[in-house]
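Next come two complexes, and both contain chain A; in the first it sits with chain B, in the second with chain C.
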Partner chain A sequence: MMELINTLISTMMSNQVSIPLAEPILELLRDIPLVGEMIALILWRPIFAALICPGLTVGGILLLFFPWIERKLCGRIQWRVGPHEIVWWLGGLIQILADTLRFLFQEVIVHKDAHKHYFLQFPFLSFIAFLLPLLFIPAGNIVAIESPYAIQIMLALICLFPVFILGLGWASNSRFSFIGTVREAFMYFAYEVSFIIAILAMIVLYGTSDMVSIVDKQSIWGIALNPIAALAFFIAAAMATSRLPFEIAEADQEVAAGPHVEYSGIAFGLIYVMCYEKAYVLSGLMTVLFLGGGSAPYIPVITDLLAPLLGDLWGAMWFVLKTIIVMTTLFVLRTIYPRYRLDQGLSIGWGAMLGLSVIALALSLALVAGGVIVI
Partner chain B sequence: MKKVMVPDQSTGEKVIRHAAAIGVTMKESVYPLTATVFYPKERKKMPDNLRGYLMFDLDKCISCWQCAFICPANAIRMKEAPNNRYYPTVDYGKCIFCHFCIDSCSGGALMSTKIHDVAYKDMDEMVTLTEEMIEPPEIIREDKKTVEYVIDKKDLHLKRRKEVDTLLVENIPPVEIPMVSQCVDRGSCLACRVCERVCESGAVSSSTENGIIRMKIDTEKCTGCGLCVKECSMQILRLVRK
Partner chain C sequence: MEEGEQDRNIRILHSGVFSPLRRWGAKWSLWPCHFVTSCCGVELAHAFACGFDGERLGTLNMGISRQANFIIVEGTITRKMARALRIVWEQMPDPKFVNVIGACGQRGGIFWNSYNITRPSEIVPVDFFVPGCPITPESLLRGVRAVQEKIEGKERTTIKFNKVELPSGGELEERTVPTTPKLFAPTPEIKLDVKRSVDWDFGKELKDLLRKGLKGLYESITITDVNRIAIRATQEKFMEVAQRLKDIMKMDHVKNVNVIEVPHERKYVMEYMVSSYSVDELMPVIISLFTEIGREAEPEFPSLTSLWESANYSEREMHDFFGIEYKGNKGMNGKFLLPPEVDTPLRKDFKIEEEQYVFDEEAPITTPIKLPPDLVMPVPEETLEAAEENDEMVACIGPHHPGSGHLRWIMRLKGDAIVEIIPDPGYVHRSMEKLAENRLYIQNVPLFERANISDPFNMNLGYVRTIENALKIEVPERAKYIRTIMAELSRIGAFFYDCGIYSLFMGHSTGFMYAWAIREMILEAVVRMTGSRCTPSFIIPGGIRRDISDYVLDMTDNFTSAVHKRLKKYEDIFIYNPVFVARTKGVGVLTREDAIRCGLVGPFLRASGIDYDIRKVAPYEAYDKFDWEVTTGDAGDCLGRFMGRYEETKQSLSILKQAVDVVKEMPRGAVISEEALGEYKEASRDIKGHLYHAYGNLVLPKGEWTTVTESARGTVLYSIISDGESNVPYRVRIITPCWMNLRGIIEASKGERVADFWAIYGSFGYFPPEADR
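Right, the complex of A and B next:
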């Protein structure tokens, strides 16, 4: 038994995340019996990736503050103010925290026609589709699972999102949520094909679907190599997150909240953050595929000063920074374009975007075959 | 019938338009214009001729009823005061703030203010009595700044000044056109003496000579309020310029 624990600890100790800045404190804590082991566990690379960055902690913080960033920024662009009254001297920073608290204490109403078990389970299960893909995204040197099929597994997990949305729309068993569900299903098929082809173009270009080696291979960022694929991926991500201008499924003005119309309380809160979860996962994927993942550009004084201090966190920080930029761009789209109708959305998905992604694939093939890029 | 179609644009034009839209967004995210006024903390500067809450000057009122007659929403009712004169009361539940009453007031007794944020607890309270209209309503002022909307050649922007705007405006008394009541068809007069009774200034008088009643309008005393014109049963009285 003791041998097993010792092996485990030695395995953990051999693969620790190094943060030189926090080393003095960690050194002190390691001497305390149980706390030391716990720190060793948390700092173990796979666990650190799953729990802290890019996993649960960073994801949770983004979910808590990103809606605020979005609302504040969009408000600014549209000549409004955005959240303001809650902690006005911070500009309404904890608005989402306040909303979450309100949702937590609100009654979750399950109406009598709903399929009770599915109705309550799907909002919580949709967290799986958010957390599992994060295991494959490398934030700098930190990655939970390194696999040669990382992108394929991620795609499969990302494709679970619409399944949960369709499921909860179906479990609601109400005509309004059915309308929203059908609209969601239409859009799902419209973007999914071109989304996958766009990723395929990048896999062809890099010659691997291992995320870590994809990041290593990007001496030139993917967006410069194949901008068309980046554009197709970006539009598909905008469709997948179902925010404006592709907020077709849950169009507030016409079909209320689409599939979520029957939800209330914390169940609604979980569904409300679902598109932000999806945006985080897709932006992470976009950062890895097109923006060089956690590779940091060289900035004269700052890099020399901070990179040795932060150690592994330096790359992770750049990854999160790039992800936030991609997410912001994704959400600022709502201020530029009005919402498309369902038929327009479908024609964009099956027409222009499919064309774009096929052109992107052809471009990748041409680049590889022409020997411009050596895999 | 003309059908509304999507404008026919080439791909180049479309790209330019998309780029322009993105450019505007970028510009606004860095240097935005804001149209929001944080209302209780600051107030928008209203123009002096804003149609707001009504105020009343008792001394100038000649009880001519013109405000009550002209009110399209029937919000103004005349109530008898202890001095046997009639003064207006305003029901703000009905008032549509057209300010016809102010325009029609011959003595300039009704006045406009810039007050536009008065709250009532119930409908009965909205009937504002004459004595409540003499003083401006009590307002708790939380504002420290005055915001002015400035529309220049380029765009709209807000100008914030650290001052408290006075909500009472100086009312310019109306330019009086001296009018006088005149009988245009003496032959049709019934001598019902309604005009004599309604006249507030005592300009109309009657005299009996040989059993014939003669009505007389004193042009010096007549204020031109038009009450007799309104009340004349034969409609033979007119207001004419003095």
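Right, the complex of A and C next:
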């Protein structure tokens, strides 16, 4: 028994996240029994990745503040201020906290026609399911599960998203959620194929589907190598997260938020952040595939100073930063575009996007075959 | 409202361990449920648009009741809407709060004695009232703050009443008690064809032509005014005359369907006003065809929908109002505009409450209003059955839906295609026509303006012009120009209103914000001119209330160029947005024939290729003095309709500029015609203090007076029937453009995809309070 624990601890110790800046404090804490073990556990790379970055903690913080960033930014673009009064000297920074609390303490209504159990289970299930793909995304060199099939597994998990949304709509059993759900299903097929082909193009290019080595291979960012794949991926991400101009399934003015129409209270709160979760996962994937993941550009002085101090966190920080930029772009789309009709969305998915992604694949094959890129 | 509901929600917040957190969360996260009930909604939208930005307070407008916790009741709640209000409130999760804005929501405001008004405070528990008609955005936000404070637990009474003892003795006692100033003739003589000698040569020709064409069918043909001809026919020959008018005179649409009840003569006068879009010379001419029928318990009359489909909805409306059965019209079972419990309200024996000038201590200020007995608004059985048979789905959109406006659309869908759309209007029907019969002519000025507060000047102008026409008042030149300026400002404002709503329907919130930013500037100009943002009631018979200052003129001038700049940005973000173009091009096409058949009006008619603009066809005010063009198109699709109005707005800006230039050069002088003022001539530059003296006893000459005015969304027709004795109108008929365009929406949506409905609906700029009146 003792032996087992010791081996475990030594495995953990051999694979710790190093943060030189925090080292003095950690050093002190390590000497305290139990606390020391706890810290070793948390700093163990897989656990750190799952719980802190890019996993739960960073995800949670993003979910709490990203809507605020989005609302503020949209406000700016639309000649107004956005949330402000709640703490005016921080520009309304904790607005989402208030919204969350409000949802938390609000009644959850299960209407007569709903399938009660599924109606209540789906929001929670999907909240968790949507976080799973994060396990495979490396933030710098911190990753929970490293696997040569990381991308394939992630894809499989991402493709599960719509299933949950269909579940929400189906359990609600109302007219608008029915129409919305059907729309979601249609859109799902329209973007999924090109989404997968775009990723395939990158796998061909890198010659591996291990996320960590993909990041390592990007001495030139993927977006520069195959911009077409990046474009196809980005559009597919916009479709997958139901962003305008493809906000077809949840069209407020048409089907009154579609699958979500009947949800209230904390159940809706979860659904509300779900779309940010989705965006986070897809943006993270995009960062890894196209933007060099956690690789940091060299900025004189700053890099010299900070990189050694932050250690592993340095890469993680860049990863999060890039992800936020991708997410912001994704969300700002809504201030620029009106909404397509379902059939137009479908024809873009099956037409232009499929074309784009196939071209992207061809480009990758040509690059590899032509020996321009040596894997 | 049930027992104990009043403070329940506040109590919920104040209970439990987590009470401070609950309160804090609820306070900063009041999401108003997007429930537009009436015209105050215009100002509500301003409060949440970029000018005032209600989101600063953490209140994010949310379309869905389940996710909101705050209702802002916008003004009037009619009986029909009362059900919806209660349902929406019940759908919302606890704790939830209600703000009522607008005078209408408190005691009915200007509609206080309407037969279709309820009080929201009797339906749902209200947390705060914001007064005003309409409220200003600032006061609305203040209302939100008040609710926030209430949640925190602060008591907030903003108005305190003091009881004062009136001094007895002296001057006060000598005054007589005022009695009702209204004079009703007991047995008025109602005559629609009062002859008027006018200088109208074409009219004489036309009359001869009509005589020949209708030989032996008519009883009399009278020229009642320039461009107005009245034909009296017997009931038997009525159909035939109508047929001839259609065939020979090319009268292709109905402008108005009217019924006038004359109880003391035991008769109804049935009237149709027809006109022609296909013959250019006949465009300004309105022929009124009427006959009399006996006043039986269940009167019947043949419907003219087989000849003119444009008469359809107006006939159904008359069926509601008078209980007349139009044989041949399919919509005769059930009510159209009215809630089920109100029957034939426009009959003279249906009495509404009278204004009281002296209060009885005991009597309530307004009589309590009975609430509708049940909360259901069922879908017609036939529709459900038909849908069932053909394997279709029936979806009801509205009246509470993020994209419905204040009416209900019943859609029959087959997959993604619309089989049929059935409108269910009347949720904002506030019985203007009935109220107008019980008010002085001058009191009706603000009343009719409320039909459409996004285009107030044109509503105002139309009514006032009718009175001026009847009294043959010549308006001073300066006033004419200023009225033109106002009408054009209002037209531009209404266009941007519709732009904003259209952008929202398309899911484009930035377009909404940009459009409303421009609207905000227009309102600023209006405020400086008149002192009111949306309801100035500035145009009065004989002119305008007072002159406007040079400084405001300069500002209006600058404003025209400022708008151009922002327009550019709006163009970039919305109008030329590829997605917008893709959504609207070729969608909802109405051909020229369709447009005429539906009796469309205004820019929507012009978009289908008919060159009909009253400002050109029968110029009024100063429109013939400017250099401008009518914009027409022939695509007839959503994009065409929108772009047509857009071009028109550019023309309006040019008219505005020209008019401002002229007014600046013009010497100051009277702005109210001295004829109209009578013995109060000194008020001709400013009516202040003399309004009721000068106009209180206005009596129109006997007859029917009809004018058409080109409002922002099309022709608005006022027809006043006066008995020549009473100082209240005997009957006022107002046909607003949206009411006529309703048919257009239905026709254009047939066979299109579901999502296209919003593209079509938005392109028509439908404003429900205007349509329902």
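Here is the rule we use: the second predicted complex is superposed on the first by the 375 of 375 C-alpha atoms of A that agree within 3 Å, B and C clash if a C-alpha of one lies under 4 Å from a C-alpha of the other, contacts with A are read in each partner's own complex, and residues count from 1 in each chain.
Criterion: contacts are C-beta pairs under 8 Å (C-beta built on N, C-alpha and C of every residue); 3 or more make two chains touch, one makes a residue touch a chain.
As the structure is a computational prediction, the values presented were derived from the model and not from experiment.
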Chain B and chain C placed together on chain A: clash or fit? clash
Of chain B and chain C, the partner touching more residues of chain A is C
### Query
Once the shared chain is lined up, is A:Arg80 touching chain B (first), chain C (second), both, or neither of them?
both
(message) Under the stated touch criterion, which partner chain does A:Gly91 make contact with: chain B (first), chain C (second), both, or neither?
(response) neither
Go through the superposed model and pick first if A:Thr335 touches only chain B, second if only chain C, both, or neither.
both
Touching A:Pro46 in the superposition: chain B (first), chain C (second), both, neither? neither
According to the stated criteria, A:Gly36 is in contact with first (chain B), second (chain C), both, or neither; which is it? neither
Interface residues of chain A shared by chain B and chain C, listed 77-81, 84, 335-337
Listed in rising order, the residues of chain C that touch chain A in the complex are 18, 21-22, 24-29, 49-50, 53, 55-58, 60, 63-64, 66-67, 69, 91-95, 393, 395, 401-403, 416, 503-511, 513-514, 517, 573-574, 577, 579-580, 582-583, 753-758
The answer for chain A against chain B in the complex is residues 73, 76-81, 84, 332, 335-337
Per the touch rule, the chain B residues reaching chain A in their complex are 21-22, 25, 28-29, 32-36, 38
In their shared complex, chain C is touched by residues of chain A numbered 71, 74-75, 77-86, 92, 95, 98-109, 175-176, 179, 244-245, 247-248, 251-254, 256-257, 260-265, 268, 334-344
